[in-house]
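Take a look at the structures below.
Two complexes come next, and they have one chain in common, chain A, joined by chain B in the first and chain C in the second.
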Partner chain A sequence: MEGSVRGSIVARIGRSLTAAIVLGASLVAGVAIAIVAGPAQIANAVVTGGMWALMSVGLALVFGVMNIPHFAHGESFMIGAYVSYFVFTPVHEYLKDNPNKFLSTVAPFAGILAAALVGFVLGAVIEKLIFYPLRRRTRAQWVMNAFLLTVGISFIFTNGATLVLGPNFRGIPRYWDVEPLQFLGMRIAVDRVVTFAIAVITLAAFWFFLRRTRTGRAIRAVSQDEVGAQMVGINLNFVHTLTFSLATSMAAMSGACLLFMFQAYPTVGLKPLYFSWYVVMLVGLGNVAGAMVGGFIVALLQMATQQFVGIAWEDVVPTIMMILVLLLAPSGIFGSEVKGVQEQ
Partner chain B sequence: MKDTANTERNRLSKAWNGVVVGLERIGFSPLGFGLLLIIAILPLIPPFNQEHILRWLIMGAFFAAQAAAFDFTAGYINVVNFGFAAILGLGAYTSAILANKAPFLIVQPGISPWISIWIGALVAGLLGLLLGMLTLRLRGIFAAVMAWFVGIALMGLVRNLPDLTRGALGLHPPSLLETSSNLPYFYIILAMMVVTYIVLRMVTKSHLGLAFKAIGQNIDAARASGINPTKYRVLNFTLSCLFAGWLGGFNAHYLCSLTPQTLMHTSKTVEVLAIAYIGGRGSMWGGMVVAFPFVFFIEYLRSNLQELPGLHLVIYGVLMILVMIFYPDGVAGLYRWIVARVKSRFR
Partner chain C sequence: MLEVRGLNAGYDFLQVLWDVSLHVSEGEFVALLGPNGAGKTTTLRTIAGLIPPMSGEVFFRGEAIGHLPAYRISRMGISYISESLNLFTNMSVQENLLLGAYAVQDKRKELESLDFVFGLFPRLAERRHQLAGTLSGGERKMLAIARGMMSNPRLLLVDEPSLGLAPNLVQNVFAALQELRQRGVTILLVEQNVNATLEITDRGYVLEQGRIVLEGQSSDLRENEHVRSAYLGL
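== the complex of A and B ==
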C-alpha cells in the first residue's frame, strides 16, 4: 500500500502541487502583510515562526522516534511559561529597588534556562512513569494508546494548574527594559530579537546534535528502524527518554520565550499545540527538517489570516488548509519520514 | 404428582431460556437488563425522586449513550473521534436553529423539536461521512487529529456567526415538552440510550461487526481477507456521528441553552472518552454501566468541593491513565474475569 502510493505519479504531482500552493500562498501572504501592515508585522511573524518551529520540531521528533502523537505538548509550553514567570518575577521585583545592570540582563536568560531544565526533567519523568510501563505491557495498537495517554496527561496538567495556581493570568510586559532596536527604519523590541536568536541557535544546535553526534545518530537510527537499532546495540530506553525530554524541553523553552506575548494561564498551551500540529500535518508527520521550515510558513499564514480575514477566523482557516493537504498530499508537502502514512 | 412438578419446572426453565435468548438477540444479558430495569424505576423511589438527582440521572443516561456511540468507533475500528463533542454540538445547533421561533436570529423556521432533532442527526452524520471519506483511508491518527481540527473549526464557526447562533452568548432553543418536571425527559433519554445501544449492538453482532473488529485488530490481515477497510471504517464513523448528532438534539431541547464552550469543547470529548475507556473498550456496555455512578460521583464532588475547581477533571485524567496502562480491559474486563472465576469454581 505504502509503496504503491509513494511511488505513484498522481501522489507525487499532488504533493508538489500542494507544496507549490502552500509555499506560494505563504510568500504572497508575506508580501501582502509587508505592504498593508508594514514590515514590523513580518518581524512579528518571524518571531512566532521561530517558536512554532521549536515546538513542532519536538512534536515531529516524538512522533518520528517514539510513534507518539503528543497531545500534551501544549502543556509543556504552559509549564515553561509558568516556570519562567516564577523565576523572573521575583528577580524583577528585587531589581526595582536595587538596580543592577548585569542582573537585569541575565535574569530573563535564567528564567528561560530554568524552563528548559524543568521541561527536560519533566519529560524524563513522564516518559518513565507513563510511556515506559505501557511499552513494557504491550506494543499492540501503540499509536492510539499513546495518543489517549497524552490526552490524559494534558487533562491532568491543565486542570492541575487551575487547581494549584488558579485561573489567573500571569504575564510580563517585557523581559528587557531597554529601548527598541532601530532596524531598516523599524523599531523592534529587544525581546523579539533575542527570542528569535534563541530559536535559531537552539534549532541549529539541535540539528547539529541530530546529524553529527553519536547520540543524535542513535536517535535517527531508532526513528528509521527500531529492531535494527536494537541489534547494533543502541539502548532503546535511553533514546526514548532522551527524545521525550528534549521535545518537552524545547516546548517549555518556547513557552518561556513567548511569555511577553502569551501570558501564563492553565490553558495557554492550546493554541501552540494547535499550531504545532498544523505545522506537523502540513509538512508531513515526523519530518523534523520540514517542521523547522513549516513553523515559519504557518506563522506567515496565521498573520495573514489575522490581517485579512479577521482574528476570529484563526481557528477555521487552518482546517480548510488541512482539508486541502489531506486531499492532495496526505503525506505532507515535504513528505513524511515516518514508516507509511497509509494505515499500516 | 412429582411428574407435574417436573414438567412445571421444565416449562419455566424453557420460558426463562426463551427470555435469555430474546434478550441476547437485542444485546442484553439478563443482568444487564435487570440493571436497566432498576435504573428505569429508580426515579420513582424516594431518595432518587428529587429533581436534582433526576437531573444527574439524565446526565448519566446522556453520558451512557454517548459512551456507547463513542466506543462503537474507538473500541471496534480503533479510531478515536477527537471531535465527538463538536459533532454532537453540530447536531444540537442544527436542531436548535431549525426549531427557532424567536426573532433574534435571521432565520425562524420554527420546526417542531420532535422533527428537527432528526435533521440535526442527519447533518452530523453527513459531516461524519465527509470527514471519514477524507481521513479514514489514512492511518487512524489522521482521523483523530482532523476530527479535532474540524471540531475547533466548528466551534469557531459557531462563535463567528452570531446572526445564526448568537455566538458565545448562547442559544436558547424551545424545549421538547411543556413541563418543568425532569421525569418525562428522563424516560426520553433512557429510551434514546436503549435505542442507541440496541442499534449499534445489532450492527456489531452482524457481519459488519466482524469486519469492524478485524479492521481494528489488524488492518492488513483484514485487507488480505478481502475486506475494504476504508468502506467499513467510513460506515462505522458515519453511524457514530449520526447518533452523536441525535443525542446532541436531545441536549439542545432539554437544557434549552447552548454555548460553544460548554457543549463543543474538546474537554467534553475527553469526558466521554474517559468513561468509555474506564468502562472497557470494545464492550459498549462497560461505558454505559460506568456512566451512572461516575456522574453521581463527579456531581457529588463538584457540589461538595467548590473551592477546588477542576479536581474532578484531574481525577478523570488520572483514572484514564491508570486504566490505560495497567488494566486496559476496564470494568467490562473485570466483569468477564469474575464470571470466568465463578464459573470455574462451580463446575
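== the complex of A and C ==
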C-alpha cells in the first residue's frame, strides 16, 4: 500500500514535470516568435490553436467514450468547410448587388452554424449506420475494427467529394469585409478575432456541459465505466450517438471557421486530422481537458517551425516531436483520464 | 416481486446457469449462497440485464424483463451493486451519487435521496468532494451501496459486499444493509460469508455448479447438515 502510494506520487511528479517542460518550451517559443516575427504571428498561432483544440476535443471524446480511433475526423472538417462555403457564397453574391450591413454581419455566422448543424446530423447518421451495428454484432477486436471503418469512411467522403464537387479549391478571401482591428500596434483581421472567440466560447460551453449538466456527466460516466453507467440507468446508445454527433459537429465547425485560411477541397481535412491527432497523442488519449490546452501548444510548435526552421518543415518537426512524446511519455504529458483500450 | 423461472444463462459458449428458479417477495431479505464459480454473480448480472438469458424468464412486479437492456431494468427500480463496484473513479463522491439518481428527473427527489444516503453513511458526506478512486476499500463499498440507493430502488441486488474488507468494516456494511431492509427495501444478497449472512437474512438459496440445490428459511439452512459441513465448517 505504502509503496503504491509513493509510486503514484513519483509518477505524478514525473508527469507534471514533462508537462511543465512542454508548457515552458511553448512559452519560450511563443515569446521568440513574438520577438522575431511580431505579435501578429502569435495571433495566428492562437487562432489555429483554438481550432485544433476544437478538433482535438472531439477526437479525445470519441476515443474516450466510444474507444474509436477516429481517422475520418478530417472529413468532418472538410464537410464543414464545404457547407459553410455553399451557404455563405450565395448570400455574399447577393449582398454585392444589394448591400445590407446587418445581413453581411450575420451571413458568416449562418454559414458556420449550418456547418455545425450538418455535422451534428451527419455524426448521428454515421454512428447509427456504421458503429451501432458493429457494436451489436461483436465487441471483439473493437478498436481495430472501428479504426478500419473510420479509414473507410474517410476514403468514401474524400473520393465522394471529388466525384461530386470536383478537385477544385473553393474558398473565400474573408468572411467579413471590414477594416482590420488595431490592437497593441498590430492589425488583426476581424475573421481571426471572431474565429478565436467562437473557439473559446464553444470550448467553454462544452466544458460546462461536460462538468455541470446531467447529460454531460453521463458522457463522462460512460468513458470511465461502461458497466457502471448502465447500472445507474444510462442508455449507452444515446450517449454514444450524442458523443459522436458533438465531435463531428465541432470538427465541422472548425472547418467552417477556417474556410478563409484553408479553403474547401476534398482533401482539406488531412492536415487538421494529423494535427488533432498530434494534440491527442501529446496530452494523452481521451484527455478532453488536456486537448483544449494541447491545441494551442501544437499550433505554437507549428508556428515556431515555420518561423525558425522553414515552412517546408512544418509537418516534419511536429512529427519528430510526436515520436519523442511516444518514446518518452507514451501516455501523454498530462496522463489520461480514460482507462483505455485494455479495459475492453 | 422478483421471480426467476427456469433461467439458463452464461457467456458465449459457456453455460453457467442451469434451470435456475427463485423468487423474492416484497420486503424480503434473501441470500444467495454457494461456492466460488457456482454462478451467483452470473445470476445477478442476468437479472440486472447485463447478460441476456439463453432461455427462461425473469419477472419483476409481473413484467417480463429478461430481454430488456440493463438501463431499462435499472430505471424500473432494480439496483445492482456489483462485486467490482463499477464506480466512476475520476469523479467526486457527490458526482457518483448524483449519477446514481440519473434516472430521477425530479431535482427535489434527487436532493432528498442525497440527504438520505448521507444520513446512512456520514463518512461519505465528509468526503463528498473527494475523488471516488481515492477512497479506502470500505468507503468504496459504502459509496457503491449509496449510489445504488440514489434511484430509490424497489429491489437491491448486492454482490459480495464483504469481499476484501476488514472484519469490522464487514460489520458496518452488514449493518447498513439491515438498516436499508428496515426501511422497507427488498434485498437479494450474494455472499461468501455464510454464517453472518444467514443471521441477518430471512430466506436463502444455495447454488452449486449453476443449479439451485437447497432453499429454505435462513434459520433452517443454518441447521442443515449439508450447509453446516460445506459452508460453516462444523
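A few notes on this one:
Operating definition for what follows: the second predicted complex is superposed on the first by the 323 of 344 C-alpha atoms of A that agree within 3 Å, B and C clash if a C-alpha of one lies under 4 Å from a C-alpha of the other, contacts with A are read in each partner's own complex, and residues count from 1 in each chain.
Here is the rule we use: contacts are C-beta pairs under 8 Å (C-beta built on N, C-alpha and C of every residue); 3 or more make two chains touch, one makes a residue touch a chain.
Remember, it's a predicted structure, so these values are computed and weren't measured experimentally.
With chain A as the common reference, the superposed partners chain B and chain C fit together side by side. Contacts of A:I323 after superposition on the shared chain: chain B is touched, whereas chain C is not. With chain A as the common frame, chain A serves as the apex of an angle whose CA-centre rays point to chain B and chain C; its value is 90 degrees, to a multiple of 10. In the superposed model, A:R214 makes contact with chain C only, not with chain B. Once the two complexes are overlaid on the shared chain, A:P69 sits against chain B while remaining clear of chain C.
Touch criterion not met for A:P90: it reaches neither chain B nor chain C.
When the shared chain is aligned, chain B comes close enough to touch A:A312, but chain C does not. Annotation for chain A, partner touching more residues between chain B and chain C: B. In the composite built from the two structures, the nearest CA pair linking chain B and chain C is 15 Å apart. Put simply, chain A uses no single residue to touch chain B in one complex and chain C in the other.
Interface residues of chain A facing chain C in the complex, by the touch rule stated above, are 214, 217-218, 220-221, 224-225, 227-236, 337.
Residues 74, 78-80, 82, 134-135, 137-142, 144-146, 148-150, 152-153, 155-157, 159-160, 219-220, 223, 229, 267, 270, 273-274, 277, 308-311, 313-314, 316-318, 320-321, 324-326, 328 of chain B are the ones that touch chain A when the two sit in their complex. Per the touch definition, chain C reaches chain A in the complex via residues 48-50, 69-71, 74-75, 79-80, 82, 85-91, 95, 98-100, 102-103, 147-148, 150-151.
On chain A, the positions that touch chain B within their shared complex are 1, 69, 130, 133-134, 137-138, 141, 143-145, 147-149, 151-156, 158-160, 162-163, 167, 274, 277-278, 281, 285, 310, 312-316, 318-320, 322-323, 326-327, 330, 340-344.
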